[in-house]
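There are two complexes below, and they share subunit A, which is joined by subunit B in the first and by subunit C in the second.
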Partner chain A sequence: MIKWKRSLSLLAATALIGILAACGGNGETKNSADSAGKPANNTSTEQQAPSDEPVKLRIMWWGSQPRHEATLAALDLYTKNNPNITFEPEYSGMDGYLDKLSTQAAAKNAPDIVQLDPGWIPDWMSRGQLLDLAPEVDVSKFDEKLVSAGQLDGKQYAMPLGSVAFGMVYDKAAMDKLGIENPQNGWTWDEFFALAKESKSKLPKGQYFSLDYGGNYFMYSAYQYAKGKGQVITDEGHFNVDQATFVEWAAQFEELRKEGLVPPADVNASDKEHDPQMDLMAAGKVLMRYSFSNNLGTWDSIKPGAYALVTMPRAEEAGGWLKPSMFLGVTNNSKHAVEAKKFVDWFVNSQEAGDILQTFRGLPANKEIATALEANMSDLDKVGLGLLRATEPDGQKWSAGAGGWTNFIDKDWVLVRDQLMFGKVSPEQAFEQLKEASQSYEK
Partner chain B sequence: MIALFFRYILKEIEHCPHLAGIVPAVYLIYTILTHEVTVMNRTTAATIPAAPETKKPKKTKPSFLSRWNAPLAGYLFISPWLIGFLTLTAYPLFLSLYYSFTDYTLMKPMEWIGTRNYERIFTSDPKFVDSVKVTFTYVLASVPLKLIAALLVAMVLNKAIKGIGVYRTAIYFPSLIGGSIGVSLLWRNIFGVDGIFNKIIGVFGFEGKGWITSPDTALGTLILLTVWQFGSTMVIFLAGLKQIPNDLYEASAVDGANKVTQFFKITMPMLSPILYFNLIMGVIGAFQMFTSAFVITNGGPMNATYVYALYLYERAFSRYELGYASALAWIMLVMIVLATILIFYTSKYWVFYETETGKGKRK
Partner chain C sequence: MTNPFKKFRIDRLFFNSYATVLIIVIAVTAWTSYSNSSKALVQTTSHYQQQLLDELNNEITTRLVMIEQISLSSSRDNEMTHYLLNRQDEFERHRSRVGVESALGNLTYAIPLIQGIDLYMNNPIPSERQSYIQFRDINDLTRQVYAQCLDKNDFCWSKEYNLSSQQGEIPVLSFARKIVYNDDYLGTLVIHIKANEIRRLLTGNTAGSNRILADSEGQQIMKIGDPLEQNNWSQWVDLKSDKSGYVHIKGTGPSGNTLLVYSRMDNSIWTLIEFTSWNEITSSSLKLAEWIGLIGLAAVLLVLFLTLLISRQFTKPIKQLVTAMRQYSLGGEKVDLPSDYQNEFGYLFAGYRKQNERIDELYISLERRHEQQKKAEIEALQANINPHFLYNMLDQLNWMAIEAGQEELSRILELMGRMFRIGLSNGNSFIKISDELLHIQCYLEIQQLRWGDGLNYVIETEPELEELFVPKLILQPFVENSIVHGFNKLDSGIISILMEQSGNALRVVIDDNGSGLRQAEDKQPRRHTGGYGIRNVRERIAGYFGEPFGVTLKEREEGGTRVEIMLPLLTEPPSKADF
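So, the complex of A and B:
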């Protein structure tokens, strides 16, 4: 009996040890030496490899199919020009991208070149995860407003790739068919809610006016801006949600929810942007959702000719803004930093790269390339450019925001959003929860 | 009996290569422990009559050495595993224990902060409480369901039916692929708003909903996915069923026992050591549940599937609070150990060993 028992306990003990390898495995990046991380120190010493030595660069980006194809074509061209440089591309949709990248970065195994969302840049720079791009990368042809978001203490850590406008996309074909009036550039939030209510009688069962944005961080930001209450999280890193504005916003969507003008919570939660089957607008279930000006092409490839763009609704102030679409940076664990930076320079500054990459990352932030592209743009790109131009004059000033709040927006805000959507909390309670959750992020 | 048990295990491993690492571990710990027991007995026996204190170190040293000399060849044989264990498991393991007492992040130099991580977790971390609740719900629901499903299927597959090998393979198959990302994505499509499940119940006039995107049912769909992967548990049950001597059934049939009685009076007691093993493995596995919650629901909706490992992951890789996450990992370990001890403790009331027969312990 003892033997039996012992062998079983041993088995279990062994299994316990086994799991530790799995669950304890998160913290073991043994790199305390350089984790303290002033960036850029290790660039000059190691990377003086002769320029014709074969180098393989890892590069990672997110996007849709057209962007993948264009980027791969650009990589091929670069390899053709520089036969010693080859690439190991890792590309995917936006879903899970940051998770994957963060995990790799924590293990000091991030790709040499990474595409980053503007919102992540402050965190990445302050953690010392990016290398100073000087002197290889030329920033002289860039719009100062766009390029400055990739700077810290006078050093350029990331290059803006494009400029996009934040607005809305609507299913023009469906709205025309249902006899719902098309929104016009410069429309207001009052008109938005009025149009929603007007469409009630015209919408068939299973079709809704817009996505449920009652707890959506980005849409609420736009609303708070439009109401003249400023940033949701200030540049100094403070929680700045205006209580009255938030409650008003959430209550208006609560009403739409009750009237069946936005999808029920479980349907709304199943939405996956740009997925041909799971994107609720692509599936014909909603008429309208937010969009960046460069995304029209993706929807158009799902249902050609059906969609159009309109500015973000406004109130006292404009609701939309222009922002750098995304950045490209070189990570601090790159073993071929010089080659990587040279590639970044080519990617953002050469006309031949610009010709291939088109506007798949927004209107290029490099002014010369942008001008050259505008000359012979496709009709679709012109629509995107139209939104850009319509937003430009009085658009809100975009800011990368304070570092350290990414998780608040990605997790805490999302929880409150779900609770609002499923009707578990009132707008007032939702505000209190956000405020409470923000405490641990305050600077 | 131990040899028999190892045969079950090996059989299981044939089908399940990722378990292969367990075998040498079992051998190693078994040798060390049994050895320790004999050595301990020997030293106590030797030291108790020996009074002079000067002799003590002398006596311990040789016996300590002899303990290591004898199985040296054995340690050499297992050295490939042993090296892997020490460098890839033991070292990171203790490093994470160390990290759990620091504020290790990627942002600044590491500092020793004592038990502050643990204090924060237990006193001011609502997410910790939430994720523990979700995890316990998951464990309590998925483990018994999986065991029942596995046992039922094992009993069906224990019959001599033509082509049984094909059925066994087919039924085992989900376990090979079940943990993969692909199946997780498939699950999302099956139980989504427009998923095939809703279409099927729609035929019978029920109105479906987004099973994965509703907070009330999301965890249930994940539990179902786990239960569906009962294959390896089932194979172990099957091996156990095959070991039950047929005479017992024949004898009881002569005494007039029906199938139900046979199941409760013969099958269950004879199978209880196997059940015990599967229970422990199941509980340990369930506590670590991550993939499906991460891929299918990413913790949502409304944190309904926010399991502990997911929270740990978020702290470590979204917020880079690796020290804090290490502390969470160790708390998880302690929870698993406690759960396992609890099962150990109760086992004497319900686990029956054949070798105990005649000692008056038979139920």
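So, the complex of A and C:
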């Protein structure tokens, strides 16, 4: 009897415990799973670059539509290969790019990976805004001349993406139609101005020979190089515009402006390079403009087969030069520096990236990839390569220039350019203004 | 209606009532916990949602107000108004455009929330298509999403729409403001902000919520999740009040009931509305109720099982008892009741056993008595074999004796006839004492006729006793015994019969002065008839009355035998049913 009672209460107790245990079960397992999962994640985040932690990298570049598409495709491929890495791309044209990047950098909010113009590299490196790319990025396959521009004190801060030749593009189809002779590689500035004047009679109203380069920094640099007067701003950071050469140059364009061989100032000012509607050459308003060897594809995509490249006119010396097209660096406020650098390595060193990116940023600076691309290049790219090869033998030695002159080129020079263009100043006055403005940049 | 507790089997009653009570208790517990906790949940949910929405509202308002302020300051910027006034030459115009573009550009670059800025003006110089800053023709304004609201206002927010840009279709909210200078309408400044940023704010840390951002008119600007349609909720939100609140919307559609919580603030033109499915809120309390129900169910099952066990244990002895009672038969096989119960059941079993034993005893004694009675009756019947025939024969014999002149014989036959008549007494077992005395007198007269003067007798009684009843023919056997055995060797004898009341009993004493009991034993065995007669009387008295009534025989000191008969005082003959 007593035994029976005891076993009954035991049974009841066991059953109750069973029910309670069943209730509590879920919660407990959940907790233990959480606590087991979290520390593991934490340690991996803290200690080493995790292989599967989701990472979003911001990347910013400028360019035209074909370059955007190729770059986005490359990003997609990288995400496919590394599912934990995704991208937040910011891309635009060149207009405002540096302003935007500088503003973001000032707010410590720059993207992880940025495309930089070679001219900005010295400033960015000296200000410590870029991270040393070692050891993630392999530089062994790069042309020493190109890669050295991204170095400071023996550290690699930016990777050159390609090399381009500075030359000119002309609307071959329109010139042929108008019966204007095509320029030939190795032509001279005299031939340029002569061809312009020769074309006057053949150009219909509203169509011009070339853009107004009277105040253009790059074109004047080419002219001064050709005239054997060296850099406009020396590597040491000195203002080196040759007064006579500048006045001569500006005066020649002033004449073209008066002759109606370059567009009037307001028209010229509305030109937006590579914009299908607003690019004056693409719009059929000018026959010729300067170009880098890798840009033919962009114009060709607007009006296929119409355009051709030619070397920058020369004089005593060659007018054009080879230069790294642009650089890729990792900014110092990147929270995912390791992943960003790994991506940069892939972007510049992997053949699969090279295959996608083609020559939209110039002939790749990675020699192996460049060789592989050359083997089966499109006709367009071969034209670009032709300009590269034609410029190479006696081209001017390109230099990133001295640091600290970016604003002079982007702001002061541009103001003088506009004043010249709108006829507000004479060439002499323009020179004086430049010289005066340069004072604050002199080292 | 009959009381079920009187109708149904006890184990079922026990089990069912216990189970019913339990199930009701558990159901009530589950229901109250569900309804209370869901009520509490709705209250806390709406409270916290409201707080959260207020915070989000604050945050969103801060952002949007900032944009409005930026728009205001930009639109009043000197360079901007001068540029728009367009009183400059081409160069100045170009340069101020550069300045305006750069100023607006810097705003865009510095404030990541801004996607881009459009400036609608007369004769714009367009920007590069990819640029964040666009100068557009004022005539294109009418085609834009925000054009309508500008008809009535100087500035307004658009609802969310897709802005096509270089980077694809980007969802934006646009703030448009008319730029007016000296009462002249110069253009419209439109700041596009990234809707996804606001959406992120609106979403907060709670994924999966359904919220609406509505403007001062109550028009939906942006939604996340799957909120109700505009006309389904607008009636519930008081747009005139600056107070937040919540409403329980009884839904008719498939979505069912919805909790609508909205946030309105005095410093904000925005209304934030959150919709939460009622089921979602109450799901956890439903889950709680389910758990309680489940636990309850398990408990019910367990308890039912226990109840079953307990009720079995309780009702088992009762059943055994019932079975035992049902199977009980007199003298039949006894059902064994368990003997290890020490509680009430034990008493019940013991009581039942004891009662059975008593019944058996009683039955045996009853049976014995019944047998005796039967025997007495049979004997009485035997004694009365064809008394009428004998009586008639005696009558005939009497007539024969009278005819033959046998006076004495005739007398004897007459007395015998009288005796017979009394002995028959219509088959009654009890007769009045007067009849009994008459009967014995007849017998004694016959014996006197035989004995002559040697036999004398005395009968003492009281008249009131003569009306009492006694079993018939109880005196004759003893008188006969005295005459046949007591006076066997003697010439004379006296028999004295005394009847008196002794307490509650009738005492009859028959004395003789015969040879007594011893002599009778020594000599020849008693005559069969005499012995039989006395035994018959004894058994009849025992059969009718039992103790303390009966017959005693003893020697008289002065010689002879005394027979003492004790009988109850019967004023009327007992009915047959008494025996």
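The rule we apply is simple: the second predicted complex is superposed on the first by the 394 of 443 C-alpha atoms of A that agree within 3 Å, B and C clash if a C-alpha of one lies under 4 Å from a C-alpha of the other, contacts with A are read in each partner's own complex, and residues count from 1 in each chain.
We adopt the following convention: a residue touches a chain if its C-beta (ideal position, glycine included) is under 8 Å from a C-beta of that chain, and two chains touch if they have at least 3 such contacts.
These numbers were taken from a predicted model, which means no experiment stands behind them.
Trainee: Touching A:His68, do we find subunit B (first), subunit C (second), both, or neither?
Mentor: A:His68: touches subunit C, not subunit B.
Trainee: Answer with first, second, both or neither: which of subunit B and subunit C does A:Asn407 touch in the superposed model?
Mentor: First partner only, subunit B.
Trainee: Give one of first, second, both or neither to describe whether A:Ser126 is in contact with subunit B, with subunit C, with both, or with none.
Mentor: first
Trainee: After lining up the shared chain so the two structures overlap, which partner does A:Asn109 touch, if you call subunit B first and subunit C second: first, second, both or neither?
Mentor: Only subunit C is touched by A:Asn109; subunit B is not.
Trainee: For A:Gly93, using the defined touch cut-off, is the partner it touches subunit B, subunit C, both, or neither? Pick first, second, both or neither.
Mentor: It touches subunit C, and subunit B stays clear.
Trainee: According to the contact criterion defined above, which of subunit B and subunit C contacts more residues of subunit A?
Mentor: B
Trainee: With the touch criterion stated at the top, can you tell me which subunit A residues are shared between the subunit B interface and the subunit C interface?
Mentor: Dual-contact residues (subunit A): 1, 8, 12, 15-16, 19, 23, 99, 102-103, 265-266, 269-270, 277-278, 414-415, 418-419, 422, 424.
Trainee: Given the complex with subunit B, which residues does subunit A contribute to the contact?
Mentor: On the subunit A side, the touching residues are 1, 3-30, 32, 35-37, 98-99, 102-103, 105-106, 126-129, 265-270, 277-278, 283, 406-407, 410-411, 414-415, 418-419, 421-422, 424.
Trainee: Given the complex with subunit C, which residues does subunit A contribute to the contact?
Mentor: For subunit A paired with subunit C, touching residues are 1, 8, 12, 15-16, 19, 23, 68, 89-93, 95-96, 99-100, 102-104, 107, 109, 265-266, 269-270, 272, 275-278, 414-415, 418-419, 422-424.
Trainee: Flag every residue of subunit C that touches subunit A in the complex, lowest number first.
Mentor: So the residues of subunit C touching subunit A come out as 89-91, 94-95, 98, 101-102, 105-106, 108-110, 112, 125-133, 166-167, 291, 295, 298-299, 302, 306, 309, 340.
Trainee: Provide the residue numbers of subunit B that touch subunit A in the complex, in ascending order.
Mentor: Going by the criterion above, the answer is residues 1-2, 5, 9, 21-22, 25-26, 29-30, 33-34, 85, 88-89, 92-93, 95-97, 99-100, 104, 106-110, 192-194, 209-210, 212-215, 273, 276-277, 280-281, 284, 287-288, 299-303, 309, 312-314, 316-320, 322-323, 325-326, 329-330, 332-333, 336-337, 340, 344, 347, 353, 355-356, 359.
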